[in-house]
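Read the structure below first, then the notes.
Each chain carries a letter (A, B, C, D and E) given by its place in the written order, and its residues are counted from 1.
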Amino acid sequence: MLWSVPILPLLAALVIHGVGKRWPGDDRGRAVLTLAVVAITVATLLLVSVAVTVDWSGTYRWSSRVVLSLGMTSASAVFAIVVPLIAAPIIVYSAYHEASPVSGGGAARPPVGLVALLTAFVGAMELLVLAEDFVTLLIAWELVGACSWALIAHEWQKAGNLRDATWAFLVTRFGDLGLYIAAAAAFAGTGSFAFADLAQLDGWRLDVFVAGAVLAAAAKSAQVPFSPWLFAAMSGPTPVSALLHAATMVAAGIYLVVRLHAELSAVAWFAPVAITLGLTTALAGGLVACLQGHAKKLLAASTSAQYGLMWLAAGAGFPGVALVHFVTHAFTKAALFLAAGIAERHVDSYSLTAMRLGRLLPGVAAASMVASLALAGVVPLSAAWSKEKIVTAAGHQAPWLAVIVAVAAGLSALYATRFQLLAFGRGRHDRMSEAVSRPGHSWAEAVALYLLAAGTLALSLLWWPGVGNGLADLLSVHFPGTRPWELILSLLLVALGIGLGAWAVRREVSSQQSETRTAMADWFGLPTLSARGVNAVMMFSHGLARFDDRAVDAGIRGSARFGAWLARLGERRGEGAFDGATNQLAKGIDWAGQVARRAHTGQMHHYYTGIAAGLAAILIILSIGALL
Amino acid sequence: MESMNHGLGVDIAFLLLATLAVVTGWRVFRTDSMVRASFFLLVSFIAVGVIMILLAAEYLGVAMFFMMAVEMTVMALFMVMFMMNPAGLNPMNMVHQERIAIGAGVAGFLILGAMALLATFPDQPVPAGLEPVRSLGNEMLGESMLIFESAGLVLLTTMIGVVVLSSHRGRYGAAAEGSMPPGLEPGGDPAGKPEEDEAGEGGHHHHHHHH
Amino acid sequence: MILTAALGLPMLGALALAVSSRWTETAARRCAIVVSVLPVLLLAWAWRQFDPQGVLFQFVEEVPWVPSLGMGYRLGVDGIALAVATMSALVFSASIAYPVDTKHQPRQYYAWMLFLQSVSLGVFLALDLLLFYVFFDLSLVGMFFLIGRWGHGQAQLAAFKFFLYTFFGSLLLLLAIIGLYLSVEPRTFDMRVLIEQQPLAGAGMTAGLVFLALMLGFAIKTPVVPVHTWLPQAHVDAPGPVSAILAGVLLKMGTYGIIRIPFAMMAETFSRYALIIALFAVASILYGAFVALGQSNLKRRIAYTSVNHMGYTVLGIAVAGALIQDTEYARELALVGATVEMVAHGLITGALFLICGSFWQRTEEYDLDSYGGLLRQAPWLTAFAVLASFASLGLPGLAGFVAEFHIFAGTFGVYPWLAVIGVLGILVTAALFLQMLQKVFFGAMPERWAQFEDLRPIEWGVLVVLSAGFVLIGVAPAFLLTLVEASAALLVGGR
Amino acid sequence: MTLTTLLLLAAALIGIGIYGALSQQSFVMLMMGLELILNGVMLAAVAFWAFSGAGVPEGQLLTIIVMAVMAIEMAMGFALVVAAFRGKQADMTESLTGLKH
Amino acid sequence: MPIGDVLPEISLTLGAVAIVLFASFVRQRQHHWAAVLALLAIGLGAGLTVAQWGGTPRLTFSGVWALDGVALASKLVVLIAGALVVAMSPEWMRTDRRHGEYYALVLFALLGVIMMASASDTMELVLGVLLSSVASYPLAAYHRGWAPALEAGMKYFLIGALTNTLLTIGVVVLFGLTGSTGYPDIAQALATDSDRLALTIATACVVLGLTFKLAAFPAHAWMPDVAQGSPVPAAAFLTVIPKIGAAVALARFVSLLPPDVAWRAIVASISVATMTLGNVAALRQTDVRRLLGWSSVSQSGYALMAIVVLGVSDQALPALVFFLASYATANLAAFAVVTHLRGRTALDDYRGLARHAPIAATILIVSLLSLVGIPPLVGFFGKLMLFRVTLEGGYAWLALVAVINTVVSLFYYLRIVAPMMFGSRQSAVHVLSGQWARSAMAVAGVLLIVGGLGAEALSLFTGSIRFAL
């Protein structure tokens, strides 16, 4: 029965895609889409809640060795609930925010395909979080990647989008290879793919397994050095980014770490690796976000940084903290992306310096403010709570680690402030400016944003005494106790960050962006580096293709040369195609053929000589044979 | 090998005949006239025939005389009729690849000579009192009847073949007329006529004096 | 009789088309389609009747042919053969139904296609080594005429190259088959006896030579790097449906042959060289993928992915044949994976080449860079191309994933490091397919394709059938896995 | 007159014959070379019959067979030469160059 | 005198004599009845041969004539092949003034080949070679008014004269060495210590003499010329039938030799040289008949493989005869098609034939594929048997060489097939009028397939044959 949870959205997506084309092209169509999406997500949520309460599970047998199975753990439950919860407003938003790319010159048609894909995306993610074995996990894992490819490539007329989509897919698929290896290692060690049997895994296979899983998770959750793929993913429509970052694709990585935390931490090197990875990404991502001038890319870098914090928490031994931070981050980040999308519609650019829409869009600005402050870690907002827990978790490992984490958190305060002030500060645009004439945003988009902001506010209840412990019991996880000095330090750093952010914003208006800054803002030149790598690979394969044409095939082009000759003789076409081809074997046989023919001169005395020579040869061979 | 009973005279005769056979054999290819060449060949054969008689194979020797005499006459006539340079009036030296030919001849002689000198053959001379002609007759009409008949058959075939090839006039007019492949299309030329035939006839010919 | 019927009906159909000259194009086409579907139905029925718990070979038929040589008309299938044969029959039906320019000789075209269907099924259904060889060789003849007569570009040249190259392989095979034959007493070509007796076990040099000849012969057919170079040209110049058969069916003869002959009959020798074969397979995987990535010709690119995919199959077989202790599960998994890869690749690459055929019919152009934005003109064509490409790059939910996952999981259990290297192939495959899709279907559309047609109903129908096949295997492969697993277990474990 | 000397004589005749067969351009002269070889062969046959064959009649018969070979080949040869000369004006090996390669 | 043992041969002889007489008294237009007479004689001979089948292998006529399975089997093959040749001739020879004698010569040539195959005595062998040669020279040169035929005949004769002469050297030396000409005595004498130098020379000469009839290296040069220049039916005869007798004769001869004579090495070398040379030289031919001639050279090379393993593999002789029979069928079918197509020989003339003369094209393609050894044609089983005995005899390298050669040969066979199938033509295709050549072609074509599907019959027929000696 648990299968119904992922299958419902997947099938619904197919249905939407199938019948969507016949829907009316105006706002009625959007309304129908909205209703459908809301219905589907609500149904999914209902199914999940039923599943949680009555403890559904599901198995599907492929063969005696491969059995697909679904199950519900606390981590899966959290994800399974959060995903549709976040997705619903985002998809509704997208129904109004986007248009179908095929509609061409006429009236913008509702983005049926996009909505269908987003719905499918939710289904795939549900499948991912409910998977109880590696085959299922891998299926969902790659489906999520494929969905994101299609989503990023939504506006397919622009070749650049396709390139970015491919790039994002390839980077994450590179990580997927880790999962293939991990799954294979698990099978080799236990004879099964089920998570439940992982406990039997030991020795070098366990190491391989962990390495593969870490690779897969790190790539998905955009940790260094895979972070730049998130920038590429920005080519997709805004709602896609929102969903990708908040609840689905990127979240898959941290889900894997949380879900398999027990097995992963069975190797001693997992904790240091996870902490290093997380910390590096948090700091680097924070810096990038502080320097970015592109609204979505700023948020994307922030995503990497926040997931870095989650990695760190998991590495420090508190996967529950990571889980909670995922939830709080999901709401804030989704809200911020939607806000950024609305802002872009007004100024036709994602450039932060062009925005400052506070006066124009007060409601949106307020909602964005809530999310920004939460991201910044301002007490008593939701994300602040989980972030403090992360600082504390780091403190459990080492006090200096807590300090560094607090610094990273300060960075997030800085860029959150920067985003909020630049995008929705009080600036040039007011109600009177020319921007008014631009198409604004619909009520549905605003409602979606408000709902997410409200979610952030609601989650702020975590600060309420006792809620945190209750949650820990509910999820059967363990939260670290807060230490006062860490809290104070962290709050100080947040304040410092906000201050610095405000200062930076003031400076930013005047100053031009320097080269180094641009480079740093683009993940310290990592994409350039990887582009070089890709170029090298392409050159390699072109070279190999040429090699294959010329060298390896050389021995066989005998037939080719001959065939070309034949083609001349026979069909009088294909002439000269292989004239330049040099082929040793062919040449050899051909040469032998010519010699043999020429040897047959038609002159009797040559034949006689040949017979005499042949007789001599026979005699010689016989004599040698006799002597041997 | 000295078991055969013969005297010094026989040896001397053999030596002379052998020299004669070799020298005339050699002269066959060293004369300007084909007619002379054929007579040199005849002499060589006759010398060998005499040696055969010395070896007590009288029948074979005599058969050789008659056969070769007839054959060489035919050959000489043939050459007078058909061939160039009938009387050796023009000097002729029509050889090719002479060095290779000499090499091959010498090699042949050396190999067979080595066999003559080095190989051991069973030492079983003709027993005294053997009547070669009688024994040959018995053999031909007895044990080797089939061989004898086969040889006859070969002769018959040769006769038919020779007639087919060389007769000038057949029962229905010129023998060679119409003796060619069917045309590629009815009434047309046959397929596969070599190109050289039209152009190259007589490229190495010095004379055409027949027809 | 069911197997004889499956391969005999198309042969009769071919004869009927060949003998009479009264067929119109439509009649010939209809007849061919109907006849070609019959084997699919028959084999599907056999599939239903197949008992996975039963003996290895079922539906056995035996009629003496040259008993004094130990040769007979012996047919029979195990799960592996049945799966591959059914897939082949389906690919044939699809290819025959797919529209193509028959160059005013429809009767001959369909007759050759049916002939080829018959002999190809024969290869997979034969239980007699010599009969196997007979069909194996006849498939070359059929293919030669199909490429040479109905191909385009330098079709004759491609046909020559194909025939010569693969004929060399098949003659080596003949020598090896005779070698096997000479090693059993009493002399027989019966595969069952040879599998049971393992005649050349411990025969040292002889076994090595026979094995070498077998593997070389099959490697050429498969093809494994570096004896793959006949493949791209044959593919490029063949008409689309024929390419689909070449890739979908004929290549399988190589890998199927490896499973059936060296793997099953020379287990001990095979295990000795399993690692080397696996190395060649990994080389094929990577080399095929990279070279495909470097191609700018649509059909060549797809052709080279066949090298890559057949590399997976060979890897799976090599792994399955490595007699390493305590790895039975993994080896069985690998063999199942190899078989599924054969089926999956047949359907997927068949579909891709048929799509190429549609391109040629419309534009006579294969250059990737000349295309773009076709999604606007041809959404259905795009949809099928995207689906097949994703299937080919191993996206879960489609058949390729099931196969490749099995193979990698199995390989890791035996040669972990090879699995780690080999898995890189799926990354490059992804890159090359996505790049191809991007260039052809997305971005801006050049003006010259403004009249580009979308799929016609018959094309649509054929692609739906093939796609349904590989989606079904991707989502619910139990029907296939159960069938194959039984035989794989007997082959791997029963030794 | 021993077997050795006889065989040496035969070898000499055969050698000269080989020379003739290989060197002569004219068909007739070429055939004379072949006859000379056969001459040597016959001599060898008789010698073998006399010295190592114990006078078995097959020896003589063999000589007759060789003689027949010679006669028949010459007859056939002349017939062909006549035909070739009539049809092709060819009397030398070099004029037979229509069929080659 | 056991006349009963040579009844088939007598039938041929009488047939030939009858034909000569018939031809002298009947108008030329009626000469095709001579073909009927020839077929009757051959049929009678074949029937009598079948009647001899099943007896214990023995030598008859004081050990001169072998009456064993090999001789009988090859005799049957020769006779059937001869019948096909006769059947394809009448229309081709129609305009010839000496139409009738042609059949007599064919019968004599058949008789010569049979003598070679049955000879168990060196003198009989020489006579067999001689008979088949002297009957063949006129056949090759039968078109007296057609220069290429005369040239082919002349070349054939000159090469034959030299090699027959060399053969007599071998035979005489062998007599000197053993004091005998009968195979049983020779074998006995050689088994005891005999001089190796002389034996070497004798062996070399005899083997060389037989390579002429086999068209094997080094005396192969006549074959392409004859195939190209001679009357096509005669070419069909000469590319096929003498080989059968010569191969059996060679097998008989080498089986006499003591093991320390390196005859296997010699035969293997000749085999390799022959098949390679024939194939390589055929590669670039544009004249189909000449191409078939070279291919025929290469096929002799394959046949020799079976002789290499004589005595090592007990199936060597069956394989030899089987292969020769399969080769004969295929090559005769090919030449029958060429005859039917009025001897067309330029490769260009074959373009588009498949559409204009589908049956002839099909038979030609099938026959070529059979020559390659594509199953299930009879040629495949021939090659299969060959490879089988070669591998069994431990000559894997030889088999490999043959495989490589087969691939090369495929190339030029396909060069005939490709234009026929893939090309197109405008002009009509003319064929010989009448039913003789057409029927011969059809019969040979059917035999190719029937021989493959019914390989068991052929296999049983040859399976147990062995030498009487």
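Operating definition for what follows: a contact is a pair of C-beta atoms (placed from the backbone, for glycine too) under 8 Å apart; a residue touches a chain by one contact, two chains touch by 3 or more.
Since the structure is predicted, the reported quantities are computational estimates derived from the model, not experimental observations.
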| item | value |
| --- | --- |
| Mutual neighbours - chains that touch chain A and chain E alike | B, C, D |
| Higher-contact pair (C-beta pairs counted), B-E versus D-E | B-E |
| Longest centre-to-centre distance from chain C, chain (CA-based) | B |
| Chain ID, smallest distance between chain and overall C-alpha centroids | C |
| Taking each chain's C-alpha mean as its centre, the one farthest from chain D | A |
| Whole-Å gap separating chain A and chain C, where each centre is the average of the chain's CA atoms | 34 |
| Inter-chain centre distance, chain A versus chain D - centres from mean C-alpha coordinates, in Å | 93 |
| Centre-of-Cα separation between chain C and chain B, whole angstrom | 68 |
| Where chain A and chain B are represented by their mean Cα positions, the distance between them in whole Å | 97 |
| Touching two or more other chains - residue numbers and ranges from chain C | 156, 160, 164 |
| Interface hub residues of chain E, defined as touching at least two other chains | 123, 127, 130, 134, 137-138, 141, 144-148, 153, 155, 158, 162, 166, 169, 173, 176-177, 179, 201, 224-225, 228-229, 411, 418, 422 |
| Of all residues in chain A, the ones touching two or more other chains | 559, 562, 566, 570-571, 597, 600, 602, 604-605, 608-609, 612, 619 |
| Pairs of chains, among all present, that meet the touch criterion | A-B, A-C, A-D, A-E, B-D, B-E, C-E, D-E |
| Chain A-facing residues of chain D, complex | 18, 21-23, 25, 30, 93-94, 96-101 |
| Residues on chain D engaged by chain B in the complex (per definition of touch) | 1-26, 28-29, 32-33, 35-36, 39, 42-43, 46-55, 57-58, 60-61, 63-65, 67-68, 71-72, 74-76, 78-83, 85-89, 91-95, 97-99 |
| In the complex with chain D, residue positions of chain E that touch it | 122-123, 126-127, 130, 134, 137-138, 141, 144-148, 150-155, 157-158, 161-162, 164-166, 168-169, 171-173, 175-177, 179-182, 224-225, 228-229, 290 |
| Complex contact set, residues of chain A against chain E | 559, 562, 566, 569-571, 589-590, 592-594, 596-597, 600, 602, 604, 607-608, 610-611, 613-615, 617-619, 621-626, 628 |
| Interface residues, chain E side, partner chain C - complex | 369, 374-376, 380-381, 383-384, 387-388, 391-392, 396, 399-400, 403-404, 406-407, 410-411, 414, 418, 421-422, 453, 455-456, 459-460, 463 |
